[in-house]
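Input: structures, listed below.
Two complexes follow with subunit A in common, the first pairing it with subunit B and the second with subunit C.
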Partner chain A sequence: MSGTAPSPKRQKTAPPKKKQVPLAKDADIVLKKVRELKAAMAKPSYKKGPSVAAALVGGAPDAPLPKDQVMEVKNMSNPDVQEKMEKFALDIAKQVIEGRGFTFAVPSRAASNQHYDKSLDRIVLGNNQSSRNFVNVSQARKTAITTRVMQLIHTILGKGIHITKRDLFYTDVKLFVDQSESDGVLDDVATMAGCTRSNLNVVASDKGLVVGRVQFLEDGDSIDCTRMGVGGKAIPPYIDKITDITSDAEFILLVEKDAVYMRLAEDRFYHRYPCIIITAKGQPDVATRMFLTRLKAELGIPVMGLFDSDPYGLKIMSVYMQGSKNMSYDSANLTTSDIKWLGIRPSDLDRYDLPEQCRLDMTKEDIKTGELMLQEPFVKNNPLWVEELTTMMETKQKAEIQALSSFGFQYISTDYLPRKLREGDWV
Partner chain B sequence: MPGHKVEKQRQKSPAEFFAENAAIAGFDNPGKSLYTTIRELVENGLDAAESVRTLPSISVTVREMSMSEFNKMRGVAGSNSRQDKDLFASKKEKQARKKKGFELEDSDEEEEEEAAASSSGQAAAGKKRKAPSTADAADMYYAVTVKDNGCGMAHSAVPNLLGIVLSGSKYGVRQTRGKFGLGAKMALIWSKKSTGVPVRVKSAHMLAPGTTPPFVSTCVLDIDIYKNQPRTELHEKEANDEGFVGTEFELVVGGNWKKYGQHIKRYLQQLAIITPYAAFSFSFVPAVSSAKAVSFSYPRRSDNMPEESREIAHHPSSVNNLLVQQIIDVSKQKTLLNFLLNDFSGIRRAVANRVITELSNGDEDWSADMSPKEIDPKQITRLCQILTSVKEFAPPDGKCLSPAGEYNMRLGIEQMYSPDLLFTQSENASSYEGHPFAIEAAVAFGGKCREKLNVTRFANRIPLLFEGGGDVSSKVVNKGIDWKAYSVDKEAHRVEVFVSVVSTKIPYKGTGKEYIGDDIEPIKASIKKAIQGCCRQLKEVLGKKKHLSDIKTRRNKIVKYVPDASKAVFEMLKAMTDRKAANNVEPSSAFERTITDDIKAKKFTAKSFAAKLSELVDTELSKAEDQDIFDKEKKQGISANEQDIFIRAMQDGKFDWSKGVDLGKTVFVPAAKCVEASKFRELTEEEKKLRVVEEVPPPKSDPMEVS
Partner chain C sequence: MSGTAPSPKRQKTAPPKKKQVPLAKDADIVLKKVRELKAAMAKPSYKKGPSVAAALVGGAPDAPLPKDQVMEVKNMSNPDVQEKMEKFALDIAKQVIEGRGFTFAVPSRAASNQHYDKSLDRIVLGNNQSSRNFVNVSQARKTAITTRVMQLIHTILGKGIHITKRDLFYTDVKLFVDQSESDGVLDDVATMAGCTRSNLNVVASDKGLVVGRVQFLEDGDSIDCTRMGVGGKAIPPYIDKITDITSDAEFILLVEKDAVYMRLAEDRFYHRYPCIIITAKGQPDVATRMFLTRLKAELGIPVMGLFDSDPYGLKIMSVYMQGSKNMSYDSANLTTSDIKWLGIRPSDLDRYDLPEQCRLDMTKEDIKTGELMLQEPFVKNNPLWVEELTTMMETKQKAEIQALSSFGFQYISTDYLPRKLREGDWV
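Up next, the complex of A and B:
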């Protein structure tokens, strides 16, 4: 056979060999204290400390409110939420046809309407409602937006799809004008229906990453986070599509910064000391928070936090732990209590002899933020944290996790973390 | 006395004085002089017409001439172009020419300076004055013609009326238009100064008001400034075949249309506002055909001419030594008492006696019976002191004044500005320092009014154009009135404020008498009150308008969203209907069933729901409005406007709505009183058959809300 063109030579490159990272030799010693903690957590006598939720609303009431006077935000299924939307529509239609008016009753999310429920260890909403009346010059627009958002949610629930907040905004830019308008109404609709925000099938875009020893099914697809490459798996925003979580990790490592996450991921730290590493790459998004909460609830393993030693890092931790005050009643799925502050803590600066060039001066904003943090319930609940924070305020020094690189790029995975874990040095 | 230089004394005639101090009379510079010339002649014409109660018609023509044209007309020999250019070029020009032919624009100022400098020097010599020559300066001449339809001047009186600057003796006080009483004479002096061309007058003297004058006089004259005498070149009298009425002046003066044309136009415009019963026409022909010719006219809008101002005697608070002497000199009274009672205004018998008693205190020469002529100069001083300090005199009678009248002001303003809203207010006459005055004000809003707050000032029914900043009216309008309190936005709204001050003595300030000072408290207060009166009326209307527009805006703000809201609700219900139908799910309530059926039957659509929603919005809004009105009325309290209303009884169980009662308001308190019909009229046959029901005493009137 002449005339056939020779097939182009294919470059034969060998695929990169997967680094086989075995379990660390001192894993047992290092993880001993972690295992002890895990066991203690399982026990009912485990004291999580005073309730963050209670502190958020200024303490637990002496007498709990009767059930009919509070509204608990529940996880609702799609059909249930859909039905709720329809009920609202019918109610409005009835009002208008009978010429009575056009009013929504929106539960108030103000601080005065948030109460702590001891039995649930959660914040619930009282019965205060504000009315939104279409025939009112200042409220007509908001009411129209509310009906529109309801209708859009109704549609997507009917189709069983999820859309992002931005998608929602773009369906009717003329009416919404600004995305903050449609975003705000979403919360209103959720509380009116009595369901969580995620039940509305409106998701925020994902930001977080997870890598390590956890496997789950996502919408039927099987995901193994040890086999998601070096970068790990993007945490999906469709929390309801995640099922069947299994793991042999001993703890969850919650990392503030992407850089640290990458370091640990590349070093396959999760193989040496079985764990799950999660990062939200800075400010935590809803998906990451929900995922973290879910993991902790289902796996029952401790969560170790790795943050910068500055008020900003603490702020990030606060979001994981208590969320926003405005939405604290919906926090069941969004907040993870009991995160252990592993590092970097202000006391580490001296204990690990961090060199001077890594210690930075706190700015005026830092100091202001620090003072605000001292007032936060989740800090006040933990006297050791108060101590740490006070130290930071006194020395007026802050340090980032990357400062540890001054001891070597891999110092954090080879030395710092194992030492911390071995010594049980968390608060 | 060696070395002692004696100044040569020379008598100065009044004409000379005014020629040298022309700025006092408003002849500061050529442009202003042109303006003042026109002004004086126009006002002259108005006075002439009003004196015979004729509705004035004034026409003004101004024809501009360049220097060459003027010289040609005058027959001035010599070339009109300059040969030796450098001789006439200023330093600046020479420099500019070096820099290549730039045209100087501020040569005008220089030209005027030079004109002023040369004129005072040359007026004494009585020579013809040539304008300084820079080729492109505004050395313009203007042939001004003003014609009126007034009473004209008697043939023999013409030269003297025009040619002598008199200082009139004062018999009394009267409100007059002019500021100096010089009138046309100043114009004559200016024409002599600026061009030397004599004035041409054509006048027909009306023997009786409203009749056609039999003769017409033509006169060409100028004034001998030194001797204060007219110098006539022509003085003819002819039969009035053409039926000429009034007076026509023709002068040639120097001036500057470029700078003062605007003011001349504005003067006539404002004059037309305050004098709508006069007809004005104006035309301007430029020297260069490429420049803009101007011509306009303001037709007569009213036949209502205000009463002429009457002369009244001086008020004692306003006198001085000289004045008292003059009054004594012309007095016809025989006794001091009658002198005080008749030759002054505002002195009553009782007060006069008290004054005489006071005078004779310490000086026995005073007595009620003495002749006024016996009063010697020292006594005059004392009399004067006492007269000016007594506070018991009655204020001067405002009846001597002749205000413009709100009617005329309205007409004038409407013609000029076609405002959306116009309010006028006139204040009662008052007095300051013995001089009576009266204020009228008008506030115009919207329409063709100029942007922001504008003030137009009138003094004795002539406009004041210059130096508005220091004027009392401007100050009151801009600083003394809180416009915001009257719902007026100084920046956004278009408002014209008109203030007309009439008085026997307007307290002018400044050399040119261009503005009224704000130091006379009574005048300031009266102006403020007048404007505030207009503002109150304005506020009411604006308030109502705002209320209505508020209501409309409110409705619009809501109705805007009806489509969105109704569509959203409908779509949800439709989706629900479809879904339940597909899955064979039963509706969960009766209402739901109705809706579902209607949707399926297409009876209930997005449109029908939107319509229902709009309906709801309107009902709710009107309910809210009624509530607003009720609340407001409740706050105001029940005004005691009791009104008997008679409601007929039902006939055959039906109420005849055509004979219904218009209650006028939406909120009232009914106090029911049942009165037998027979007390008012004959009962009909049917009514007689009706059974008389037991008289039920009317319930105690409870204020109910009925809306």
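Up next, the complex of A and C:
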């Protein structure tokens, strides 16, 4: 084989020396503010503000469910999930041998089974179950799909590989017919096994980026996100391949827009204000949400959100915070309930004297969405959000984060963000 | 400041030793095929097959333009572009002082000015120019926009930073009104200065990923794409920050779909078959196209394309190969004319016995697009493409790359691609 080994095109240059960039001059004020927030968050008396999760299931929290009535999935190891699949198969065989046909008990993910648990401050599933019976004509097909998905999951877990939902669909198009069928059953199988959907090694796609003060191992490769150039590192769809997370960051900056991420990455904002910068480029995918949740859990540092000042920006922020109802069985791994809204808030438009020409008129669609959001319990319950959203609705003006460019292209990293952080101006 | 310096949360683990993964057993056959192709490509007698560029301007090539009648931009250094902007300003001042108002001569990017140069095998712009006169009422606004954009470009070049098109728009919303106005003028300014649009330091956004056997410096950070875990490295929007590219890859695998990239990255396909794997996740952005063009130019290795077998996949491949008409003044930096179509080709459906249920019926829209493409000179000129597309239109079947999952999730990396490469089955 030696004759066929490719020869290097050119000698690799020696790795450049690590840059030593000092913190910003006002970093001590910023760090004091951020550390105060962190200390406050660590106290049992800390109030996060009204929960967004509570609102999702309709305002007032239900009476807390007894622990044995809560259906909540756990992170499980690959062999444990495999064993679960084998148990399902054995159980099917037993039922068939006993002449009972076969039936799956599937945890119900219906709205009526979603409860807000105040102590956990999350939506949890109750233990209602529905049955899926192969000998029932109306359920036979779905039962077959469920069984086939279990078999496929068992195969990929055995190989230790990950696949996409689309790959899964394509292994048996004839049976699944439509991808939504196999996608839906995936969530069923996860709740049945009591594991997260990611534990099934089936992923959607990745679109998140990370740059800044965090290091980790990814599938054994050592990744240092302070040395990822100006483009940063792609957040992998397989979060379980990330281990050994270390960081000297004091906060996480969660950015809605790609363009803002690019600005902060090029300016290497994280050198001057020790942070980790993350974006999912708009609507967040599961991998980015999980990555954020893990960083928050492992590092215990505050998360600051930077979103457009419009109803859509608010919606995206709410997905990071409360997640989607459909994935409520795994809310623990997907949501970061305590994100501080740093900017751009509707009140910023006047406070930062945003020029008239950078304020955009809200469209009819925007106004409609804004009005609907004002009715939503999850906004209603949060006085500061109501205040901000009311300002937006009264002025009928919205603004993108990039509108700050009117003060200079680097204004956001040299003035806006440092001032916000120094003043602790988050809600 | 020492009191405020963040303290590491945890000791960084020692970097793991470099994995030594041997090449695949059949790698010698594959490398022989690929090297033969590379050697053939290096010969002056090498025929790339009918040019797609020729077709873009309508079939037969024009008589070659004399060199002094070709308007082609060059990669220019930051100070050189700054100097150009200063010259424009001086020229304006001179005209105004002389009482002539002021006028810009702008290279025409109209279709009538696009010529196919056979020796270059690219579309080039002729030296037709239009004038933009500030004292002409109908041209005053556009002239003002042009001047303002020049001023802003001069500013960002002076700071040595990059901005997005959206940022540029937001610096003067009142003047630009619509982003398409400032975007369009950017191309004008680039052609006027004779530099690429990227030289203006204005970028769109990044969405490309790269993994595999390539190393480079990105803004001084040493990046090794064989050690980027399973997610890979984000291709930065600022390609000029990439320097010192080295590689021991023998070919580049250009992948349409994110999901296929993820499969190959997790399988670390590049260890067994020495290659670089790139995706732009669908329709390619400028940064990914530039990155591919640079890799091809600097490394001189063949590019293999892996696309869906449908009219849309063909369209995406054509963007990598021929680019967009609008950017024809910079076709040299954006197009990779010689991409080999590896798969999935319509003829693969039968040759690889793709199960019936994985073949999708073409929609009316697909059939219409396919019919239109068969009329396009750029397809017509290429007999092998006509053959493939005719097969598609006759069977009225399409297939996504993921359809290969029906043979097993890793079939693409263990069987399909190795066989294709061993047999030199590309067109």
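The working rule: the second predicted complex is superposed on the first by the 370 of 427 C-alpha atoms of A that agree within 3 Å, B and C clash if a C-alpha of one lies under 4 Å from a C-alpha of the other, contacts with A are read in each partner's own complex, and residues count from 1 in each chain.
As a convention for this text, a contact is a pair of C-beta atoms (placed from the backbone, for glycine too) under 8 Å apart; a residue touches a chain by one contact, two chains touch by 3 or more.
These numbers were taken from a predicted model, which means no experiment stands behind them.
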Per the contact definition in the header, classify A:222: touching subunit B only (first), subunit C only (second), both, or neither.
second
One more residue to check, A:44. First (subunit B), second (subunit C), both or neither?
neither
Where does A:154 make contact in the superposed view: on subunit B (first), on subunit C (second), on both, or on neither?
first
Would you mind checking which one, subunit B or subunit C, touches more residues on subunit A?
C
With both complexes superposed on chain A, which partner does A:66 reach: first (subunit B), second (subunit C), both or neither?
neither
Please write out, lowest number first, the residues of subunit A touched by both subunit B and subunit C across the two complexes.
155, 172
The subunit C residues in contact with subunit A across the complex are 1, 3-13, 15-16, 19, 22-23, 27-28, 31-32, 155-156, 159, 161-164, 166-168, 170-174, 203, 205-207, 209, 213, 215, 217-223, 227-238, 241-242, 244, 246-250, 258-259, 262-263, 266-267, 274, 281, 299, 355, 357-358, 400, 402-406, 409-410
Using the touch definition up top, name the residues of subunit A that touch subunit B in the complex.
85-86, 88-90, 92-94, 96-97, 99, 101-102, 134-137, 140-141, 143-144, 147-148, 150-151, 154-155, 158, 172, 175
What does subunit B use to touch subunit A in their complex?
554, 557-558, 560-561, 564-565, 568-569, 571-573, 575-576, 579, 589, 591-592, 595, 609, 612-613, 615-617, 619-621
